[in-house]
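In what comes next, chain A is part of two complexes: it sits with chain B in the first one and with chain C in the second one.
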Partner chain A sequence: MINIQDIRDTARDMLAKGEARMVIGYRRGTRGMLAEPAFITDPAQADDLVWDPTCFNNLSLYLVHDKKFLAHMRENPKGPVAVVAKGCDARSIVVLLQEHYFKREDVYILGVSCEGAGVVDERKLAPLLNGERPSAAAFDGDDFVFTTAAGEKRLAAREVMADRCLECRAPYPKEHNLVFGEDKTGRQLEAPFAALERFEAQDAGQRWDAWSQHFDRCMRCFACRSVCPMCYCDECVVDSITFPVTAGTTAEEKATRIKWIERSATRSENITYLMTRAMHLAGRCTDCGECERACPVNVPIRMLNNKMEREAREKFGFEPGASIGGPSLVATFLDSDPGQFIR
Partner chain B sequence: MSEPQADFEPKIVAFLCKWCSSAGSDLAGVSRIQYPANATPITIPCTGAVSPMYILSAFNKGADGVLVSGCHIGDCHYIEGNYLARRKMHLTMELLKFIGLEPNRFRMSWVSAAEGAKFAQVVTEFVDDVRKLGPQDKLRKVVSQ
Partner chain C sequence: MEKILDKKQIDGWVAALTEHPQGVGRGCNAAEAATTTLWEVHTPALDEGIWTYQPANGTARLDHPNTKQSPKEFAFPQREIFFSFEQIKGEAPRLTQIVPKEQRHAVFGVRPCDGRGVPRMDKVFTDHIEDKYYTSRRKNIAYVGLACNKPPSPNCFCLSVGGSPVSSDGLDVQMTDLGDRYFVKAITETGKAMMAAGGKLFADPSAADQKLLKKTHDDAVAYPQRKINDPDGAPAKLRANFDSPLWQEMAQACIGCGICTFLCPTCHCFDINDEVHNKAPLSGQRVRTWDNCQFPDFTMHSSGHNPREGTGARLRQRVNHKFQYFHENFGMHQCTGCGRCVSECPVGIDIVTVVNKVTEHVG
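Up next, the complex of A and B:
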């Protein structure tokens, strides 16, 4: 069981001694029980930090933001940023390090083990609370305890846990500078890829029926892209809109600028977007689940990522976020890669 | 799924490596080998240069089938381009199948510059297979007439 006071003390110490220029963690939000990202630079604020089942944000995203902001400001402050990272978040950091997005010494990983639990899925929780709006959530062994106006509500964690946490193979930040909580890797709440396999058991027609509706629903808000730490490109291939057309833009420039995808949120364009997104995240997505949580229209985006993750694992023996030094999935190959599909 | 149509002529987009399959298609031509004219060739420098986005984009813009063809394993002019392509294309194909696209709409082959007959055979078989599936309307952009 993690004692939050340990995390607070560490954060306060690091800031006071100048060992970190900022601590990114979670604090109580203003929306009911939900925690929110906190950017702490003043040691006195370290006591704001919390650790509870609503800490679902993948904070490595803000390492990317920080780096972009500093580049924009042309600043180069000294000292690492300390960041609270769950298992999946720490794997995201490993992917960013693997891609040389920043250096290992630029980040100080305050790993937190999810132990026997994980984070809550609000969509699973809502129907179990009879309309009560919880004001706080806490870990307690195998349970989550929610505080509502009507009193405390204790629920088995696995009933309301996010799918990705149920299926998580490594709820422990292997890469870390400091770690809080015990390593419970190997806990089996649900088989990895369980939801994916249930879906794949259907025939192609049924799969298309389901996905065509998901693609129709997507409204291309790009929340899934914004929330992903691995979607850090300054210019995204799906944004032909970022090509500034000015009075000086020649007809040739306009004509040769490839437009891969239209901005309209129609099925065909949404397919191109979501499929490209899944491809670009193959071997990089660490299944933090943030894209799916952020989607306002319940597109099961994780399933596409999971499909790529399982292919990578089974066919290429590749595990995203496993090692900083290794090559990336699509920049490497093995003689044993499947080729039977090629004529 | 769309009904097979008697008068349906599949549109195939064929990404052909300039060092091998593209030359193979030339050889098929100069050897006067008969094969269906449904494939629109797009010459690429190497299969390793094929982005999954090319394939998605071809389907998006109305292709009924997409073929990627390059040098045999070991013969790539950039040494490992086709090894990398094999991996990327496997992932792309699996993703397309996953959302329910018919597997026969995507094909990959190794055709060397000396294999004119093989090129003709690959295209013939592919066109046949795609013809059976009818028009591809899953990923196609709908445009007003």
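Up next, the complex of A and C:
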């Protein structure tokens, strides 16, 4: 059981001693029970930090934001950023380190173990609360406890936990500077890829029908891309931000520049976008599931990434974000790699 | 016109509208009426766990909280084709305008906040310059509203922005749920005609119905909501705080996605692109799509300069547009307090908190 006061004390100390220039954690938001990202630089604000089942966000995203912001401002401040990281979030940091996005000494990982529980899925929770609106959520052993106007409501965590947490194989942040909570790896409640396999039990026609509807619903708000720490490209395939336009660029060149994906949120464009993203995340996605949670129209995006992850695991025995010095799925060649396709 | 409709009769009314022999839409002439005699009825339905407007298929189910997306898509679809083009070498380019189909749409279950979005969108697309694509859809749409007996979302704040859970602004018909029956009130001539189409399905309200309506409405207004503390002072204070460091601070968590504006009932920014389908001979379509002030390339100049480069500047753009620029241009807040942007933000950015913080900021 994690005592939040330990995390607060650590954050306060680190900031006061100048051991970190910022602590990124979670604090209570202003809209009901949900926690939100907190960026703490003043030791006095360390007491704002919280740890509860609504701490969804993969905060490693903000290490990417921080690096981009500093590059833009041409600033180079001293000291690492300390970041609160769950198992999946810490694995994201490992992938970013493998890709040399920043240096290990630039980040101080305050690992938090999910201890076999995880985060709540609001979509599962809502129907169980009969319209009651919770103002707070807390861990309690194998249960989540929600505070509502009608009193406390205790629910078995597995009933309202996000699928990604039910299937999580590594709720303990192996890569860390400091860790809070016990290592309870192996307490996963469902088999890995369970949601994917339930879906794949259908025939091809049913799967296509389901995905056609998902692709049609997508509005291309890009929340899935924007919330993903792995989607750090300066220019994404769907944007044309860095198309170089000079005084000599002709109208025709502007009009006929390569646009891989049109702005229209139509099925063909949405498929191209979501498939491209899934391919680019193969071997990099650590299944934090933020893309799927953020999606306002319930596209099961995680399933696409899971499919790639399972493929990599079966073919190459690959676990994304396992260790900093470990291999990369697409950049490492091993003699043991299956080679049928290049014979 | 005020009537009572038994809940069991709502399917009958939907059927009557669908089969109504005469077009009754706004600005509809006889020739148009001859080609468009039916209403296409849309009603909120639960699909893959989200409430969306779907074709009614003979029934209107009005037990939704609010829809995930606002009904703005009926008059302002996310994708609108303006014209198609074709260029055959040696010939003049051929352009074919694509005009929205003349078809009446009755949108049921519109919440008061979304109803109030309608006149705001009308201002944008008809003031000074008429946007024909917008108006040609808009004149054929009727909004059948449903008052909120209690706030459908924990982040509702319509009362803070001049609205009300029982407002009929922008609606053609207002319905209020009275338990086993609806109190139905025509707001516009179109609304009257739609109710007339229901004929004997409607009964006259009794004194008890009127009394219950008043109590229901009074209770709805008294229900606690989230609150913007000084909406009237917001335009001046936002103007004064344009350069405040608060913006960057409040937007630190912003990921630059488009959820807040795509779901908003009044966000209307758009982009126009040529979608080339064939290179030889050159052909394609000119298409308008929703744009989004939170996207990094929203104000990107072709020079590479971007005046709204950071998330702070872009959050300020969204909030100032709602609470300052629109107010200065049209004398009303553009925000109608539906709370979608608050509830759906993946990182907790909350326009109520943002406006309160900025308006309470001294300096």
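Everything that follows uses one rule, which is that the second predicted complex is superposed on the first by the 316 of 343 C-alpha atoms of A that agree within 3 Å, B and C clash if a C-alpha of one lies under 4 Å from a C-alpha of the other, contacts with A are read in each partner's own complex, and residues count from 1 in each chain.
Rule of thumb we're sticking to: a residue touches a chain if its C-beta (ideal position, glycine included) is under 8 Å from a C-beta of that chain, and two chains touch if they have at least 3 such contacts.
What you see is a predicted model, and the numbers here were worked out from it, not measured in a lab.
Bringing the complexes onto one copy of chain A puts chain B beside chain C with no clash. When the shared chain is aligned, chain B comes close enough to touch A:311, but chain C does not. In the superposition on chain A, A:68 makes contact with neither chain B nor chain C.
When the shared chain is aligned, chain C comes close enough to touch A:265, but chain B does not. Judged by the touch definition given at the top, the superposed model places A:207 against chain B, while chain C stays out of reach.
In the superposition on chain A, A:154 makes contact with neither chain B nor chain C. Touch criterion met: A:275 reaches chain B, while chain C stays clear of it.
Touch criterion met: A:293 reaches chain C, while chain B stays clear of it. Of the two partner chains, chain C is the only one touched by A:223; chain B is not.
Aligning the two complexes via chain A yields an angle of 90° at the C-alpha centre of chain A, spanning the centres of chain B and chain C, rounded to a multiple of 10.
After superposing the two complexes on their shared chain, the closest approach between C-alpha atoms of chain B and chain C is 6 Å. Chain A residues in contact with chain B (one complex) as well as with chain C (other complex) are 262, 266. Partner chain A is touched in their complex by these residues of chain B: 1, 52-53, 56-57, 60, 73, 80, 83-84, 86-88, 90-102, 107-110, 122, 125, 138-142. Note for the complex: chain C touches chain A at residues 48-50, 68-69, 78-79, 154-155, 252-253, 255-259, 262-263, 271, 273-276, 279, 287, 289, 292, 295-297, 300, 302-304, 309-310, 342-344, 346-348, 350, 352-353. For chain A in complex with chain C, the residues that touch the partner chain are 29-32, 34-37, 39, 57, 61-62, 69, 72, 123, 133, 213-214, 217, 219-223, 225-227, 239-241, 244-245, 249, 254-256, 262-266, 290, 293-294, 296-298.
Those residues of chain A that touch chain B in the complex are listed here as 200, 204-209, 211-212, 237, 260-262, 266-269, 271-272, 275-276, 278-279, 282, 304, 307-308, 311-312, 315-316, 329-333, 337-339, 341-343.
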